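Order as written gives the chain letters A, B, C and D; numbering starts at 1 within each chain.
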């Protein structure tokens, strides 16, 4: 295994698990506080230093680590212990295929900023995501607790339902970008398209030259806006966070599938949710927001602009840094969006969740596929 | 390289395990799962043979893999209906024991 | 396989338009509860047929524009039946072809059809029964037009057979249109069943041709392919058991031709399958005009023309055609003399005229046959429709004994009827004169055994025709009125929509003859810029096999025509004497003739003979042997119930224990089977 | 022995063991189902080793991600904690079935004694989603259509079977 891959993997793990995930617990509390006009977490201190309550995550970890790890009576011990791991691992390894930068050429060396880049990257994420379901189900079943089992039951139904919609809603996206490979997808979005180009294509009216300047980044959200909404909805439902937290539903079934968990095992469920938030943010950014792409400034443009001044090598390096920063900026924006949604919307009723999936999103996503196909056919001259 | 005899052999072993499950277990759900196992064994054989002859007459052929995809599709349909039957059976008999379901006889 | 030809996509609309109307009516009748407004029905039905006529005209014009040898329009919709690969590939296309023969037919069918559709509006106007007869009638009529056009335009035998059966079906439906009367339903069934006999032979013919062509390595049923291989076919024979007549080897072409001719006999009401046509008059009069005079019954004539190359290759079959046609002509003419039902007379006249056409075809005068077919379509349709107008005026009274002296009351009908009578009788200048002349010339000049006799029969029939037609005319329109008093004053001509189509037909009955003016008369107009007068024959020529050219001197032709006209005039005068001057005479003659009169009046007892020889034994065998013995006893008793009883016995006493209801026991048995199978494979 | 061969035997052993675990576990249906998931995943691994990536992904997505979850869902819905069935009625038949199944295995393995050809190297781009997609929508388009119909029928059928009351 090349060193490069290890470095990239370590980097992403460090960023995601080491930095983002713990801070997210704090972010969530802070954001909810802001939205509810409170101050939020600010008490934990080390020798009187509070820095906005940033010590709370540390304190939380210490608390969870030191708590007793209870296995309830009559529970299936092995399954009970394994469940949190199965929930957490897929979330972490999905990050392997999300590119956080483009391919950069340093002399003879090509550096691609993605840990693993299979052709079927998107399918990989779906496949891994479907494994994550088992953690929840096992937790719910093995706890020997009716609330837990109800939670597991709800989780299984909800997750297989939304998996279908999630898959179908992005079909339009990979029809547009003609690839399932996430790095290619991001690369395809590193360009722009004419906002009024459809006039030219549909009616054969050539656009005046000045209108050619009215351009949008060739991002998924602009070419597949409906898919963006549907995919975000479906994947948030997959993550089981509010407003889709039926499997936990603390006002109904105590705490759902993790009622009987304590200590770091509970922490793992907790963490896996946050890691998934980051995965969702990264995935949505890659699919719909151009990934690492800087709007209106393609890779060649940037390198071409800087290299006369500072040389190609430095220019490439600068571009790399800019791209990675852009990517994480987008990830942060998407995390913020999820947090805002989580604290804005009340929990759905169970039948509403199912109705939304099967009666709204699924037909819409199929319609989206049709319309996308039609548009693509028109643009390509309809000779298919 | 992976010896293909062993792939097919593994397929045969898994198939027979599935057969055993169908023939000996009384839990209808487990029987359905055993059928899935048998289908999977067949899939494995398909993929193995496909790997053995990927190119036919100078043209890459994916027939084996496509068949597997179709088998998966059929399996999904089969499970949907099969589990529907299980649920309605359980509703009527309060059990999924296949030996309970023996009314259809002389 | 479609032979080379100019592609013309317009062709498909000729049959499809009437079909569309029929389908619309069918849907409205079957699925829509509310009645369709009459004007919709009328506009759709008449409009579609008229439009189809227009398309046919356009296509005809396009056809005329082509060089004579390559006059062939083709519209290949799709491959209907495809089988086999390579050399043995067989395909029957759903393709329409328009060559001169089918062009003439298509024009006649759509043209006369349009007029009859219009006429039907008036004729069926009083049909207010609750089964929505008006729309039903037009539905059938459109369906018929469609089927007939498929028959005419088909490029292969199988497609033609579809149209053939379609017209048979429509004929059945329309004869029994007023099905609440049992007799009408009976007549419909009779027509259908008698036609089946012919159709069976036709089907055998198709199979034989297909089989023979397959043996030659070119399986096909397309006319073009058959024609291409006809010389090879001529050498083939069929082995039959030695005890059969003419065995043990039959000439294939002759057999096929005879099979086809039997089919034609059924459809065109030739001896011995003519019995259905007079009974078919039970249907509404427009139907009699369209189906049983102008178009469907000529399908047989058309078939023989279509396969003229086949008949030309089989002289024996041709002779049979000629003789059957001739005998039918005179036979039906004699019967027509004695009938008193106005439509029956016309029906027998139709049979007789069809016999004429076959006579011409058997003698090699295919274009003469088609010529007569066309003119006959005009004047016979005219006669039927005029008769229909009379019937309307008489409030559905059809017995001519109860008419008489109508010329004053319904003078418009009278005039057109007279034109029709003159045309069919062969009055010089009228269309029938020329076409009949051509038929007789063909008979005179042919080499069919006994062609002199055939000619004599033809001439005699011409005289008889004039006699019975004038008899009909005088009985109906002249002499003393035998109409009941109170009805007499209320009689008037039918509505304009009924009468106007008659004028059109009357026009054609007079002048259609000039389309195929024989050269002998054409020469009279030479000075007027007419070079080739016999344009119809010239037009048809390339599509038909070359007939035996008749090198008759003009003077011979004039002499022949004169003889015919003289006989016809004699017949007409005789009719006048018998039915106007001395009305009492016919009865006395009939009484004197006694047995002969009764024999002829009762149509030579053909129906009775068939009834005794075929129908009754068949019914008896079906009832006693097949139903009670075979079906109830053998099949129901022994096979169905016996089998069930046997199985019940076996199953109840032993096999039931295998059905334990335990799924896994079944699985076990399955496994045992699998082990056996796999074990056998790896043995 | 390369890494892939080692992985193959590891996955094969895992598949066999977990399959046996599924069939032999008579107490806990959920555990059976989870064993089956392991078999599925192991098979997916073998598919990857056999360079059938798309099949592997779908194996996990559909089998592991949907079908077995559905099994688990039903088990949990019916709350089948343990198999407490009445004493069986057909012990002998089952014993015979086991024997016969083993005979089948012997027969199948006997078929294998003839040497199979070595797996040839694969052409460029073989088995990618593009190629699979093209094959699906050209040569096998009828199959795709029919399976779509089958799925629809299965959805309707499953719905009607599992619904408590119609209407």
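Note that contacts are C-beta pairs under 8 Å (C-beta built on N, C-alpha and C of every residue); 3 or more make two chains touch, one makes a residue touch a chain.
All values reported here derive from a predicted model rather than from experimental measurement.
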Report the chain whose CA-based centre is farthest from the CA-based centre of chain C. A
Could you please state the distance in Å, as a whole number, between where the Cα atoms of chain A are centred and where those of chain B are centred? 34
Nearest whole angstrom, what separates the Cα centre of chain B from the Cα centre of chain C? 64
Suppose each chain is reduced to the average of its Cα coordinates; what separation in Å results between chain A and chain C? 79
Distance between the CA centroids of chain C and chain D (whole Å) is 67
Sites on chain B at which at least two other chains make contact: 19, 23-24, 26, 99
Residues of chain C that contact two or more other chains, please. 662, 664, 667-668, 671
Where chain A touches two or more other chains at once, the residues are none
Full set of chain pairs in contact is A-D, B-C, B-D, C-D
In the complex, the residues of chain D that touch chain B are 2, 4-5, 8-9, 12, 15-16, 19-20, 22-23, 26, 29, 32-33, 36, 39-40, 43, 46-47, 49-52, 54-55, 58-59, 62-63, 66-68, 70-71, 74-75, 77-78, 80, 83, 85-86, 88-90, 94, 97-98, 101-102, 104-105, 108-109, 112, 115-120, 122-123, 126-127, 131-132, 135-136, 139-140, 143, 147, 150-151, 153-155, 157-162, 164
Which residues, counting only chain C, touch chain D once they are in their complex? 662, 664-665, 667-668, 671-672, 674-675, 678-679, 681-682
How about chain B: which of its residues touch chain D in the complex? 1-10, 12-21, 23-27, 29-30, 32-34, 36-37, 40, 43-44, 47-48, 50-55, 60, 62-63, 65-66, 68-70, 72-81, 83-88, 90-91, 95-97, 99-100
Under the definition above, what is the set of chain D residues touching chain C in their complex? 89-90, 93-94, 96-97, 100-101, 103-104, 107-108, 110-111
Any idea which chain B residues touch chain C in the complex? 19, 22-24, 26, 98-99, 101-106
